[in-house]
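The structure appears below as structure tokens.
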Amino acid sequence: MILELLHQPAILIAMLPVMPPLDPLGYPVPPWILQAISYLTLSLHLLAMNFTVGGIMLLLWTYFRKKPGHEGIAYFFGSSLPLGVSYIITLGIPPLLILQVLYGQMFYSSSVLMGSFWIQVIPLLIIAYSLLYYHKFSRAKRPGLQWAVVALALPIFFYIEFIFVNNLTLVMTPEHWLDIYAAHPGGGVLTHGEPTVHPRYLLFIGGAFAAAGLAVIWRGAFLIKWGFQTIGRKSQAFGFRVMLITPVLWIAAAIGLYFARPANIAEMLQARAVVVLLVIAIIGGIAAAVFAFLSIGKQKMIFPLLASLSLFAVVACMVIFRDLVRLHQLKPYFDMSAVPVQPQWGMFAIFMSALVTGVVLLVMLSIRVFPNLASQARERLAKMIPG
Amino acid sequence: MNYPFWDIPFLGNGLVVAIIAIIHILISHLAIGGGAFLFVTELWSDRQPMGQKIRDWLHRYATYFLVYTTVFGAMTGVGIWFAIQLANPEATSLLIHQFVFAWATEWVMFLGELTTLYLYFYGWQKNSRSLQVFLAGAYFVIAWFSLFIINGILSFMLTPGAWQLAQPNIFHGFFNPGFVPSLILRTFVMFLIGGLFGIIVATKIRNDDEFKAKIINFSAKWVIPAAIIVPVMMLWYWSTLPANTVALIKGGAVGVAGGKLEIITRYFWLAVVSGFLIVFGTLFISFRPQAASTAGAIALFLIAQLGVMGAEFFREMARKPYVIYNVLYSNSLWKYHTDDQNYMQTAFLDNARWDPRPEPLSPQHGEWIFRLQCASCHTRNGYRSIAERTKDWTAEFGYRWFLDMDKTGIMPPFQGTNEDRAALSAYLVSLHGDTTTAQQILDQVEQAPADSIANQAAANDMIGKVKP
Amino acid sequence: MKKNTRRSFLGLLSAAGVGWLAAGLYPVFRYLSPQQAPDPFGKDGLAAVEKITLADVAKPNMGKNGGYGGRGLIVFRNAQGELKAFDSKCTHAGCNVEFEATKIYCHCHGGTYNLDGKNIAGPPPRPLTELGVLEKDDALFVYRLGGARPAQA
Amino acid sequence: MTPDYEIPPEAETQLPPPNKLTGRLSRYLLNRYPVWPIIDHLSKKVVPRHRDTVWYNMGGIALFFLVVQIITGALLMVYYRPSQPWASVQRIVMEVPYGNLIRSIHNWSANLMILTLFLHMFSTFFMKAYRPPRELTWLSGAVLMAITLLFGFSGYLLPWDDLSFFATRVGMSEIERAPLIGHWIAGLARGGADVTVDTIGRFYLLHVMVMPIVVLTIVGIHLFFVQVQGVSEPDHFAALPPEKKRYHKFFTEFLFSEAPIWLFLSALLVALAAAWPRTLLPEADPFAAAPLGIKPEWYFLSQFQLLKMFPGKVEMVGLLLWSLIPLGILVVAFVDRSIPTDNRGRWTTRIGIVALAGLIVYTIWGWLP
């Protein structure tokens, strides 16, 4: 019976006593489609996350370094961070969904093994999210301890990121699972001695500065466009300086990764795909920096746009690289190509058409609304800064 | 069995899911009904002399609405998903693999909801009237479609209808017997909740009792459709329920704790009573709208929360003993496996994974069977406590009872060998100090073979004795 | 005009309210409504006779009031020596009738039946309900007539 | 026929028009019963609107729970048999349709009622509503509080299961400790040297007959006082200039604004009864060893804990300390005068805070295993 066949643990090389069998339904479409969707959405998710976490850090910074331009930057982040969070969540859904389709049996297992931490993500995120909204709405009314509100949200986000990094490394190391579970059936394990965890974590945090800095550069470009030359320029310069923190952290992380698992990295570097990714990433990084620098003092939107695209490219490369690493490390236990496909083209078509229509509609609406938002912001600025 | 079990002492992981879900379902219904409320109120305000005044109030509604739904609604929604991954990976995996693109489509709706809502809210001062009305309308329609989708998946779990594991057809599963009634039911409940929220925000109007009364009467009208339609839909929904469930609700399983009052029945009545109280509460408030207090309005909203709690607990329990009706038991035992005798007879721990291969017939043996086969519903001594349910058991009784527990209609069949049954029974009675070992049970049964009619009869009329 | 819409709205809501009230109070209704009495005759169709022993009806023309499954009963041995049993509830006003050698008499309103339970004098409109009676391991049992006669022990 | 009484003119202006049914009915009644002054007085009754208005709901809530108690209690009496206490409760739980629901509601409502009374009492206390001229209202309230506690105590025994039996035994021994009359009272209540089936007869009578009559009477008096004197205004409100003061009419505005809260509580009762129905333990066995963790109901825990702290010789101290609370409740209304800027006022508040804190701490402490 087909079900029985499917219920044999994935046509495995090394039979692992714990590795759950494939889901009886197999994949709904060829995996590469799912991978493509998840690469796209995950990259956007990471950018939103970087923007938010970086934004929180900069917001905090502006509370401590009171400088002329900072008040405006604080307002900018203060009002936009909650939106950042809501898009982190929304853009995070598809990758997580697809992760469960492609790597379900690994992902569920690892999640349960660290269940008591995994579930904490929810209450913590609710708290952090509410804090940011509280800050947004009550900042003007009662200043004072607002910095503390932000300061409280920051570690929460760091902690959540750490939980995610751990889960996704635990996914790749089935060999540890049995011992971990026997020791903690309540899912009370966070770190599990995976050497690459901390460098990976550093990679996450590192991106924050780039994204947040870029956002400030965008803001500057608009300011200049509306004729607020000086603060616009200041804002952009500030943004650029912030962006420069990222490469430092990323290089450190890369070195860390290498020394964590030199053998694996060396092995990975044999593959041409990996090398190509690395090259693109490096070029993209440099490009992002250059375009960001070029956009200083200009009201042209093209440079910030190019900078953003290059940054996106870098993040996308990292995402793909991560997936390749995962597949590589799971090779002994799991082979994607061996998973049967029971196609659901009909439903897939519905999804795609919904996606296209939705995106088109949203873009059109945004085009209608953004001028209004812009003029609103502009009037507010005009009140704040005469001239 | 295939997956590790997330063993939370006392609470039990099922309750974690329930708690998150109950909060989420009320808010998510508000997120849609409130959208309709925004849209209709926008239109209404255009036809009122005091239109601007109404819109200023509506902005307040929108503010509360935005924060409440995007923070708590969205997060608890993701929360349910996180929790079910942990509580029942096997079922989650099946649902995800069957409905991945349904969910993906629902995600498109989320994206749409959020974006339109933000454009609507942040463009409040500048957007043209027509644009605002359009945005509100778009928000509601998109949000409602997200309900349309999730409703298909939820109702699938209770009434899979023509869907089969062997040749799964997503549309059979999606448009299942329970789909339409529960969709209509939820839609009208949404309007009701949107209205109740309106009443709360209206009570915040100070120093203008006339305007307050006007808004409250407007909001109160949103309760009527539900008050009339819901009972009808309930009957329809009822007609789609599996026979076993209906039997359980009327009278409950024979002689279980609470006599004729199975817990599922109690929650069913909680839902009904809440409905009746909401109708009357609305009546009282709209008799003297100018005096309505925020406390009172919130009280009304909380009744809805309790009603949702009753209804959802009812829906969850109606599936007993399955998590996906007739497909997968709550303890991740597959229905098609239970039809296969030699699967059912193989040693449990050979089928299961994740156990550290305990010594046969040792206490650990029993504990691991409990953890991987029972604990998905029963905690040791907390929620649905097994210690409490087996307190008047003898070890030998347990050993026999496992053979017939599925006859109660609320327990899955037992998977495992005689040794497994002995080990489990020994472990359970050990929870309240009985020191009989698995080996002793087996020896006792040697003298009186389990299949002898007398013992069978004994076990049978003991079935009532357990508290499911 | 405005007033009317408000009136009708309240009316509509009240109407719905009444319906819901019925639903909400159903549990109380069920709680108070009587549970149907259990069938006095067991699985084997027999009901044990209470308060009447074989000795009470050892000889002809002996009879006694007793009960079965919570209901009144008279058992007597007629002149021919055959055992007879009737539900003792008088068909007139529900008093318990009594066996009096030649007839069955009801003290409340002087209803009289012959020994076959036929109403012969007084107000009773119908004959008494007769029951089958049998001796089983030194005790009396009654069973519903018209059905298959339960097997003797 | 000729009307016996004239309807006062100011009534004519306020009654519904005579062509309406309500109008005719009200005139019919007023012709026969000259109650217009009362109606007029009640219709003038107002409730001040300020940030603490919500506390004015407590009394109504307590009353609501009392009604629930009367209804569910009556329903339980349909099947409860003092002659076979445990068996009859067992029947209610296992056989009677929805019996368990009604029993659990009775139990939950009892607990919530006591909780509400605590809130009612403390909110009254901190809003200083006990001050002259309202001493007697305050005292009648205190008496009601005491009787309600006894209600709980007597009702607890009636199911006659393990827990209730031993808990009552313990409670009785506490009463015995009271100087001089302790033994006599305990004996009288138990109908013997120990808790037996005889005790049930007495407790049953108290629970379903004596106390209800007493409570309803005093509640009547309590409400009468409140209606006559009107709701007290806390200082911060009384200090306002008249044009700043805003009121709700008690009839019917305030009542209707309060009704949804009662309805919510009804739902809450059903929810609690659904989630945590009252369990019935095995029938009480006077000879068996007491089950583990015998404890009084939560509202007795604080005394329980306090007395535990003074074992043997010094237990008199504990009793003394404990009796300070009722004593304080009795005298406070006479000590604290209605002068806002009065040190006594401040001191009573402070003492009240200490008492409340103590109550909470001791209750939790006593609840901990």
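In this document, chain identifiers A, B, C and D correspond to the written order of the chains, with residue numbering beginning at 1 in each.
Just so we're on the same page, a residue touches a chain if its C-beta (ideal position, glycine included) is under 8 Å from a C-beta of that chain, and two chains touch if they have at least 3 such contacts.
Predicted, not measured: the structure shown is a model, and the values here were computed from it.
S.K.: What chain groups remain joined by touching if subunit B is not counted?
M.R.: Taking subunit B away leaves these connected sets: A | C, D.
S.K.: Find the chain most remote from subunit A, comparing centres computed as mean CA coordinates.
M.R.: So the farthest one, by centre of C-alpha atoms, is C.
S.K.: Averaged over CA atoms, how far is the centre of subunit A from the centre of subunit D? Could you give it in whole Å?
M.R.: Each chain's C-alpha centroid was found; their separation is 57 Å.
S.K.: Report the inter-centroid distance (CA atoms only) between subunit C and subunit D in whole Å.
M.R.: 47
S.K.: Taking each chain's centre as the mean position of its Cα atoms, how many Å separate subunit A from subunit C?
M.R.: Centres of subunit A and subunit C (C-alpha means) sit 79 Å apart.
S.K.: Which whole number of Å gives the spacing of the CA centres of subunit A and subunit B?
M.R.: Taking the mean C-alpha position of each chain, the two centres sit 31 Å apart.
S.K.: Which subunit A residues sit where two or more other chains touch them?
M.R.: None at all.
S.K.: Can you list the residues of subunit C that touch 2 or more other chains?
M.R.: Answer for subunit C, listing residues that touch two or more other chains: 27.
S.K.: Counting only residues that touch at least 2 other chains, which ones in subunit B make the list?
M.R.: 269, 273, 277, 280, 287
S.K.: Once you've mapped the touching chain pairs, tell me: line, ring, star, complete or other?
M.R.: other
S.K.: Taking all chains into account, which pairs touch?
M.R.: A-B, B-C, B-D, C-D
S.K.: Help me check something: in the complex, which residues belonging to subunit C touch subunit B?
M.R.: Result: residues 6, 9-10, 12-14, 16-17, 19-21, 23-24, 26-27 of subunit C touch subunit B.
S.K.: Under the stated contact criterion, what part of subunit C meets subunit D in this complex?
M.R.: 27-28, 30-33, 35
S.K.: In the complex of these two chains, what residues of subunit B are touching subunit D?
M.R.: 255, 257-261, 263, 266-267, 269-270, 273-274, 277-278, 280-281, 284-285, 287-288, 290-293, 295-297, 299-300, 302-303, 306-307, 309-310
S.K.: Which of the residues in subunit B end up touching subunit C in this complex?
M.R.: Listed in rising order, the residues are 217, 220-221, 223-224, 227-228, 231, 269, 272-273, 275-277, 279-280, 282-283, 286-287.
S.K.: Along subunit A, where are the residues that touch subunit B in the complex?
M.R.: Per the stated touch rule, the residues are 1-3, 17-21, 23-28, 37, 82-83, 86-87, 89-90, 93-94, 96-98, 100-101, 104-105, 107-109, 111-113, 115-116, 118-119, 121-122, 125-126, 129-130, 133, 137, 177-178, 181-182, 185-187, 342, 344, 346-348, 350-351, 354-355, 358, 361-362, 365-366, 368-369, 372-373, 375-376.
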